[in-house]
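Should a chain be cited, it is by its letter among A, B, C and D, assigned in written order, with residues numbered from 1 in that chain.
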């Protein structure tokens, strides 16, 4: 075995080839012919480092707004396809991401699906997401969850286009053949609770005495940027900074202390101006969305320069180093929750 | 068996009495002689319903301030002794409570113990508690935790006396013979983190990526009244009210979703003006401290009128009904966390 | 502060004494007067090291058999009272223990209580315990559980007296004022399942697909000595021996991997002939019952010689060393499960 | 929307097609063009019901034994490929399965990988699997685990060919890009513990006092058929039978009560002679291996007749009914553990 492969394919002889053909007729295959493809010494993600410049994305988004209505599209989304995974509607090996546009006056009708969804607001004000009878206003930087199998609809009652990034676990749900979906009888669900109810009920380190946990998704479905941003600022002042992550906070489910969603981990981090992170890699391929600041990241040896609203991807087990020119805030998400639940996750910090 | 006892004591004969004396010499006893005392059809708490009027307590507290220094007393506390448990320094069968006074300029020196402590601030501003290198300012209504085996000291750097209620699990720690205590080498521990650090780090439904859970006490050790009070107000507006509790929130550990302390449960509740709760009982004898409003509670058939800063006790399995004259806020604590951890807790709501 | 106390009591002056009297009239006490009693640098258990010789116990047990019927006694048990805790029906600060005798033809009628009970069979064959409609035969060395609030009755359908040790968490249940008890309508519960059903269903590292966990007590309520003894023997052969414990196995709940009972931990251990354990102490005062072999234990510096069926106690935080003359098997139980659930447990192995 | 699709694809216009081409150049896609493919009203597994007759499999296995050595093949396995997933080395959407042959005197050298593996012994005696320094003998019906990232090697020291079914979570590990693999320095790992050590240590509802849980795979890595089969027999006698499953036991991890492996669930079930199960479906596509008895299963309306050593597959959300001609024992495995950990699993029993 050389250093880069786990298994060397045996010699193919006429006799063996004939045998393989016979196996084929019985829905069988010879493991030794494919073992090198099935396993490897280290992860070999098909996804590659990638970066989308919002200057390119925005005109296309706006153009989509005139080409198709929210109603006809069901959801007007430009899917971010990893260049290594074209045609599969995936941004990493296990996750879907897209940018959704909703124009003033539009509604994205109510439906539900087993796939869990996150929304990270990129630009615009005046839109909302309704979940479980409560509407959450969308402001740039807010992180909003649509839990698995929960009816949800979106609307824009403001005066400007609103754009957010969607992140879903569709490839995971599909690998396990567990996808269900359903449309709501009407176009929108009735509003039964005042905005902010869930945050008041579950978001202040207190839980109602009658609360009983259901599922493992956070009952706080909207995490306002204002609060998260202030926490980052305080921690940056207190220090110390994490060498690989600066100040990095994970959004958690206040009823469990675990990740906000059972399949997807989500984070918000601050890299102070001038900060260079130490090289780091983990098995969870990660999608970043820039909220504030500019800088660059070196991903697998390749440099990607970013600024607000840009999106970039670090694949599994590929080294990443970040540099912030000015105070930068990055939102990120990955399948780490899934990997940890299944005992698969690894990380490695490379000390300089 | 009649309806009120589990076991009828057998007849005592001379022969049996002689046998019991023989048993006694061998460190033995006859179960049938004591079974009626050991078990019962329902809880028979020795603690009784009780109420302390702060108008009575305050002059005594202030007098203690002139009679003994914080230094000489180690902690200048008037212990609240349940009338049914006099001489045992207990407010219920399993909990200790007291009112602590700290005068301007005083310090209560640093020590630690296995017993977990809660502080609920009753009056005054300008004092602090230091835990793990961080000071938390004490304002009326704030709920502050001293986790088990954590060095802590208190100080008053303001200009008025500060009073808080202490709640500790001393009887529990002592039942299990698990008490350890230690004085800090100096009088106060060094301050190594800015005030508010723990709340920023753990209190916004996010956790630092490098956080690892240690023990089961909340890493948020100060829960400011302002936040908790606002949550109550929002929920009172959204409704519905719980028939037995009005709006009642439990302080939780954001890293687990469980109680803020492993042995003691703590709550803050709002009873809107005019609200009458349905009768309720549970096996956790509970201590209430009135923060706002006035009203009365009927405990085991006896009426107790209360106003701000008063303290009252509802023993295990005794019915309680509350009435609020104006919007009332009650803080409460009990051993429910312990009981739930051990599979012992029961409750019963009596529907009218 | 000297090395042995946590708090020095302040000087008592006439003025202070008058103040204490005034406090007393208001159901208050001065903490500084009792602080030294409430807390200590280390556990100060009231229980003491103790040993009961079965040669003494057996004649008394048999005598009790002629003095009172099982029916009149409800349970014919000689309570083992720790010499440091006389009159309180306790063997340690938190646990009750006794020796129960049931004669051929007798029945101990069905009842239930919140207190959890363990039975460890000391001598005789032919008796059974019925739990949840299933009877478990009692053979010397078997460990049997009566879960909290489960109807149970015992009977002797054999031809010889049967004796077992009972261990209950009565002092814990009573500290928390959570005791309930109830008699069954008839004298014995109907048998609805064949003996061995629970063990087959839950005891082979498999669980029925329809099983749902209820409470935290083990669904396996009988752990036959034969199986446990064989496991000890195999591990003694494989090694290595634990320096403080020889080979020591904890009985676990196969549905959780935790202790078999939520409040009480139970163990069976083998000390090979000639083995001397290293000194060890932990905060859980522990009751030992000798199953096989003879030897001695040095507990808190005092030597106790034991042989089969003897019982001895190691109080909290007292050092113990065991010596086995021949292969010895010890059953033991303590409140460790409770302490661990509440975050109170500590242990210390003294390396020689 | 008609009843079978979640989303109707919008009309394609020249303008839209031009836009899609532009999107394509920016690594983007239009969600509304693929939404119907990404989501569905119900699971639409690509895998199909399938059955392999061991009469066909055995000659091919034996032929492979003469065509390639265990050494050259690394592992001599015929991969069972689901007819709906040809070329992907998968038996369901998330699992790999194969039949491995090891001839007398052969060794399958030691390596480790992140993928978890199960072995279910189909025929032959004299082989072993070594895991963590302990060898487990393989007998027909035994269930053996190779935990994630554990060195393991196999050998046949007997006198007949040995065949077992392998089940691995390779597609899951690969979806998450978390695969690592490593060869052991030598061909086999040293044996450091006697056979049966793990079972004695962890398999009798007891755990060593020094045991600390590591990962979530069962420390019992071999579950002998004899024990499991006897448990089934007892439960079949006690009843009642589960209408959809007969008597079905899940292999569990004694240290957690959860599944024996974190990603894969495994079961052994008994269908008494003449028993017909009620129709049932669940989202975990399941692989069955027949141990004893003969009968047939109707899977998605199609009948498959089976006998000992046959293998068949029930895909996700496809109805299955079993009929046993004589007492039948079926081993099965699926990704249910993964699905439950991620909150994705559903089941439905169809009452007749």
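Following the convention adopted for this analysis, a contact is a pair of C-beta atoms (placed from the backbone, for glycine too) under 8 Å apart; a residue touches a chain by one contact, two chains touch by 3 or more.
Note that the structure is a prediction, hence the values are computed from the model and not measured.
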- What are the chains that chain C and chain D both touch? none
- Query: Just how far, in Å, is the C-alpha centre of chain C from the one of chain B?
  - Reply: 30
- Just how far, in Å, is the C-alpha centre of chain B from the one of chain A? 43
- Message: Nearest whole angstrom, what separates the Cα centre of chain B from the Cα centre of chain D?
- Response: 52
- Could you tell me which residues belong to chain C and also touch two or more other chains? none
- Task: Could you tell me which shape the graph of touching chains takes: line, ring, star, complete or other?
- Result: ring
- Message: Can you work out from the touch definition every pair of chains that touches here?
- Response: A-B, A-D, B-C, C-D
- Across the complex, what residues on chain C touch chain D? 193-194, 196-197, 200-201, 203-210, 213, 218, 220, 223, 227-228, 230-231, 234-235, 237-238, 242, 245, 247-257, 260, 267-269
- In their shared complex, at which residues does chain D touch chain A? 1, 6-7, 10, 15-16, 19, 22-23, 26-32, 34-35, 37-45, 47, 50, 52, 56-57, 60, 63-64, 67-68, 72-83, 86, 89, 92-94, 96, 98, 111, 113-115, 148, 170-183, 215-217, 262-263, 283-285, 315-317, 335, 338-339, 341-346
